[in-house]
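Both of the next two complexes hold chain A, though its partner changes from chain B to chain C.
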Partner chain A sequence: MDIKYSAVKAPMRGRVHHSVHLGRILVYGVMFLLLTVSLIPLVWVVRTAFIPRELTLDLTAVAWPTLENFRRVLAAAPFGKYYGNTIFIVVGVLVVQFVLITLAGYAFARIDFYGSKALFVLFLSQLMIAPEVLILPNYSMMAKWGLTDTKIGIMLPFFASAMGTLIVRQTIKTIPYELEEAAKMDGANLFQILWKVYVPLLKPAYISFGMISASFQWNNFLWPLVMTDSVEKRPLSLGLAMFAMSYETGMQWSDVSAATVLVCAPLLILFFVFQRQFMESFMHSGIK
Partner chain B sequence: MAETMMPQVNLGAGTVLADTLFPQETAGETLRKQELAKEKAYETALKKEITNKWKRTLTGWLLLAPSLVFLCVFTIYPIVKSIISSFYLDNLSVMQPVFAGFSNYIALFQDKVYWECFWNNLLIAVVTVPLSIGLAVAMAMFANSLKWGKAAARLGFTYPTFIPLVAAANIWMFIYTPIYGLLGYINPNWRFLADGKTAIWAVMVMLVWKQAGYIMLFYVAGLHGISRELFEAAKIDGANGWQIFTRVTWPMLKPTTIYVLIITLTNAYKMVDHLYIMTKGGPGNATNVLLFYIYQTGFDYWDTGKASAMTVILVAVLLVVTSVCFFVQDKKAYYNN
Partner chain C sequence: MKKLISLVLAGIMTFSLAACGQNATDNQTTAQNAQTTQSNEAQTAAAADSTQSTAEPMELTMYFPVSVGGGPDALIDALCAQYHEENPNITIKPVYAGSYADTRTKVQAAIKGGNTPDLAIMFSIDLYSLLAMDAIADINSFCTTDADKEWLNGFYEGFMMNSRDGETTYGIPWQRSTIVLYYNKDAFREAGLDPEKAPSTWEEMKEYAKQLTKADGSRYGIEIPSDGYAYWMLQTFCTQQSGFNLMNDTGTEVYYNDDRTAKGLSFWKSLAEDGSMPSGIVAWATTPSDFIEGKTAMMYHTTGNLTNVKKNAAFDFGVAMLPADETPGSPTGGGNFYIFKGVSPERQQAAFEFIKWMTDDERVAQWSIDTGYVATRPSAYETERMKAYAEEFPYCLVARDQLEYGYAELSTYNQAEVQKAIDDAISYVMTDQKDVKSALDEAQTTAENILKAYK
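Entry: the complex of A and B
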């Protein structure tokens, strides 16, 4: 019985091992192909942005990178103004969000109180129905308040964040309660506890949520589109769309590509430089 | 203590012992008194606990108040408002909104474009959600398994997350443009975006490209949370790679998957910016989706009543779909806790 069993098993084991090996090579091949495909759009747009305009359509052409396309773009549209608007919106929203999600996340993580379950469900509803789905009622509300075509009007609907609250809540739950108790023994009040105990330990949560939220605001389009009328209030994403729309033919690819690179570059560079910290934070914050 | 003493003191001769121990009271009386005292202590503790809980409730609500205000004003109130105005005729044909019952909803059900958008949205959800999740898991595990270049692989997959959808639309326009575009070099006659049959698939390819890397981030975090011992135990038991994945990795990733499912499902309805640049919902309405149609109806045709009815239905769909996800999570969440 034993001999029979091993006699059948041995060659099977060998075959399994063999096919696993082949399978692994196949999987790796497919994944590398996927990685290449994923990178092609970036390589393509960067190349088109930096190559002299005459060579745009010649795929095999090689030339020294030029800033000529960028110079034309910056002369044609107020991208500096757009940058300022976007940075103002991103930073403004982030600052308010950080304060609000810390308070709310702490309440949900540490305090057992009447109504906490109902409130939690209310928060989750924002995860399901994001403000951008409600553009129409939100717009008419802003119109009533006279906040259309203002930066504060663009920012307001995003101040409360269910996702951020969830991340802070999960992260606080991983922090030992003894730290808070020790601070209480020393006579710290709630805000001192939050500021001195939790805020430093929430750094990974802030970094990961901050990156997600910043990129959301940086890229947000439909809401600013309905909210703004004037060039002065436009954020980058909208500016880029207007710029691209002004060229109906494909002959201006170099310009549109240069503008696209201008809009994408800051976040991409930020992500490339800090990707290590970002990934680490992502793994150590409550996102799971 | 009292209970163990009781039989002793009731045993005939033992009463003497009881009298010496509790001179003024019988054992039964002592017991009752102690019980009363206990009850009283419990009651006061409970009362204190309740006042404490009210105190905590005040603190909790105060901490949540700022978020709550914004949530109510920009999420809850707009939903209520949409429901109300969906029952009014409110477009360019009337000066003031006129109550119209269900006529907006009836008009929607007879609106061919609306149904086209509805089916397109459904197709996008059915195709992009599983595809993005599958790719994301594969990408996360692939990047994790690399000996070197881990960071580079993650960067390569994730960077589309940080590109605005309108910018991505610009880039992919160039890729899809016949003759001169990148794909035009392979076959100059490909017109994926201009053909009503292929346009939505061309758009979906871009959506998956844009989204999969973002989802990968959550799976990288999820994989990081699984204890190594589980994998080692499975290996010792002789499980092969596929078995480890189906029996250990995937079940352990379930909480991540539920969360990601909600993100991808809502994304399937939210991602519309590219339409503004790429197709405007065309050709015909082949690539149009609900949210973009809401935008067109509300801000191009100024039919607030109809757009409100669409908003209400979209909100209802999103609520039902994501609630089902949470419900499933509640049933399956035992894996990690």
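Entry: the complex of A and C
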């Protein structure tokens, strides 16, 4: 992710100093170096996934790509089911989050109620707490509600996102209040204002937050592991772990790589598709 | 306001950075900390849970970790299915629970949430953490008949050491391993050494390692990993001094600054000083790859790697018992079965019957052949299938022979922190930041402070 980030950022910097050629060459040089360094693991994983197993450790070996590693990995775990579950969880969490962060972000940005600032800071403190710390208390709560081993149980703790609310609030603050006033003059009620004025303008914010949230849920491991007992409820990250957890014996690199490619390919593709909006929205929302 | 927000954000960034850096250890310590404060709650949950009704047929939930490649999860699934076929009343539901550390977290959460599993396979050294939570049942109490008692006495003593607290048995050995010496016979020949004779003493190993090292740095004589399981490797050098171990058998005392510990660590370090072992930290995960690629002529590693090396080494290799000082010796490692408190006696009894079935000689032998773990019962080596396998691949017997000199893996109350103290000391010594004595003294003080509460 970092790679693309610097790749978009740097040309802009280049434009600012475009009289200084040497500076530009230097910047591109550093960029290229960073790009190479960050690409090596990805290239290695993809290569290892497609190369016959016995050549894994030989870095100079050349061979026809094989799907044998994928076949073995796909046979070892129900990846179809895992994909389904992960997509359900990611989309489900996102939809609820979008609704909640829009409403909460608007309230914190525009509605002047008593203690709003204190409440906002309190809400933000959620960002300070590592999710791992909350596993035990969250699990107890889910167990009390009978939601262990359910997908809704996996999703529930992530519905109210402080980060999303922060991004939406900050974006709304940059939108001229006059737009809202104009809509009011035309007789729009609060929900119409939100839907017709703010939601379209919040698109970059949604995309940037959506990317963060989706990749978090996509990769989330320990929480779904603790929450679920049955294979039918488990997401992709747990399927990958089956292959990556052979710490005691050293890695079966070809299997791990094939499984890794299976797991992160959709996310990478999604990122390439939305890359532009993603970068732009990051610059808009001022989170760097 | 803006200032405040940026301050908050800055805080988050530092925090998440720090969190990334030590995620792995973090999980462990968080879990560990949580544990001690929770023993009370666990009891309450347990009490509430035992009212669960147990109408036949029964479904038992078993959590299990996977920490070797080669799909042991599929084997476990198959074994559970087979048990159900033979005992239609009982269904065993195997639940994959990640690594050993993840499994511990999952078990803790489940107990706290009142969803206590009936049984689990967990790290043998989780024993005292589980005892501190008052989470596990005494296995002796289920062994009522003579046959049961005989079964319980039929495991290797080296494996039972990590399964007991004093005289009470809490764990049944299942996926267990030990450390052995792997050596490259081709490299031995090249260096003019007898490929059929592995070094049998410390001096021999030191000498061989020097001879096997290539001056141009393309091959080291030996690699002994010093991250992750550093304490485990140090234990080999300790137990080889007439069975001296790093801790007592009730998990309340450690002997980190004993002279024998210092002697072991100094010897280990001297291999690097000779230039025959890479200086600094040797990584656990890449040591087998180094060996397979011929970058080191010998390595200390778990028997769990036997299948991996056998499959991938392009050269002639040998496996031998670890070189001895006064005596041979190696700590054992791996996972045990545990039965939990807080489920009804009928379910506990059913779990016990299942464990007995799983550790039947034939199944233990098959499990060992399929996974590379050591068979946990001497009698398993008398089965036909094991004999046939040993004929085809005699090196599978090295671990068995060494088990006569097997000792308990480091296991104490507040395991994660006590273990970290010695691991840190080892890395200080290996990276030349501290001398052996001051590093070990410091580790001892740290560990004693942590263990004070359990005396």
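General remarks:
Assume the second predicted complex is superposed on the first by the 238 of 288 C-alpha atoms of A that agree within 3 Å, B and C clash if a C-alpha of one lies under 4 Å from a C-alpha of the other, contacts with A are read in each partner's own complex, and residues count from 1 in each chain.
Everything below uses one rule, namely that a contact is a pair of C-beta atoms (placed from the backbone, for glycine too) under 8 Å apart; a residue touches a chain by one contact, two chains touch by 3 or more.
Model, not experiment: these values are computed from the prediction.
Contacts of A:135 after superposition on the shared chain: both chain B and chain C are touched. When both complexes are overlaid on chain A, the residue A:114 reaches chain B alone and has no touch with chain C. Once the two complexes are laid over each other on the shared chain, residue contacts for A:178 go to neither chain B nor chain C.
Of the two partner chains placed by superposition, chain B and chain C are both touched by A:241. More residues of chain A lie in touch with B than with the remaining chain of the pair chain B and chain C. Contacts of A:272 after superposition on the shared chain: chain B is touched, whereas chain C is not.
After overlaying the two complexes on the shared chain, residue contacts for A:252 are found with chain C alone; chain B is out of touch.
In the superposed pair of complexes, A:226 makes contact with chain B and with chain C alike. Shared-chain residue A:76: touches chain C; no touch with chain B. In the superposition on chain A, the residues of chain A touched by chain B in one structure and by chain C in the other are 57, 124-125, 127-128, 130, 132-133, 135-136, 139-140, 221-222, 225-226, 238, 241, 245, 250, 287.
For chain B in complex with chain A, the residues that touch the partner chain are 53-54, 56-57, 59-61, 63-64, 66-71, 73-79, 81-82, 85, 135, 138-139, 142, 151, 153-168, 170-172, 174-175, 177, 180-182, 185, 209, 213, 217-218, 220-222, 224-225, 240-241, 255-256, 262, 266, 269-270, 272-273, 276-277, 291, 294-295, 298-299, 304, 307-308, 311, 314-315, 318-319, 322-323, 326, 336. In the complex of the two chains, the chain C residues touching chain A come out as 1, 4-5, 8-9, 11-12, 15-16, 19, 26-27, 30, 34, 38, 61, 65-71, 73-74, 93, 95-99, 102, 105-106, 108-110, 112-115, 177, 228, 284-289, 292-293, 301-302, 304-305, 307-308, 312, 334, 372.
Remark: chain A residues 16, 20, 23-24, 27-28, 31, 34-35, 37-42, 44-45, 48, 57, 59, 99-101, 103-104, 106-108, 111-116, 119, 122-141, 156-157, 159-162, 165, 190, 215, 218-219, 221-222, 225-226, 236-238, 240-241, 244-245, 250, 253, 256-257, 260, 263-264, 267-268, 270-272, 275-276, 279, 282-283, 285, 287-288 touch chain B in the complex. The touching residues of chain A, counted against chain C in their complex, run 54, 57, 76, 117, 121, 124-125, 127-128, 130, 132-133, 135-136, 139-140, 142-144, 148, 166, 221-222, 225-226, 229-230, 238, 241-243, 245-252, 255, 287.
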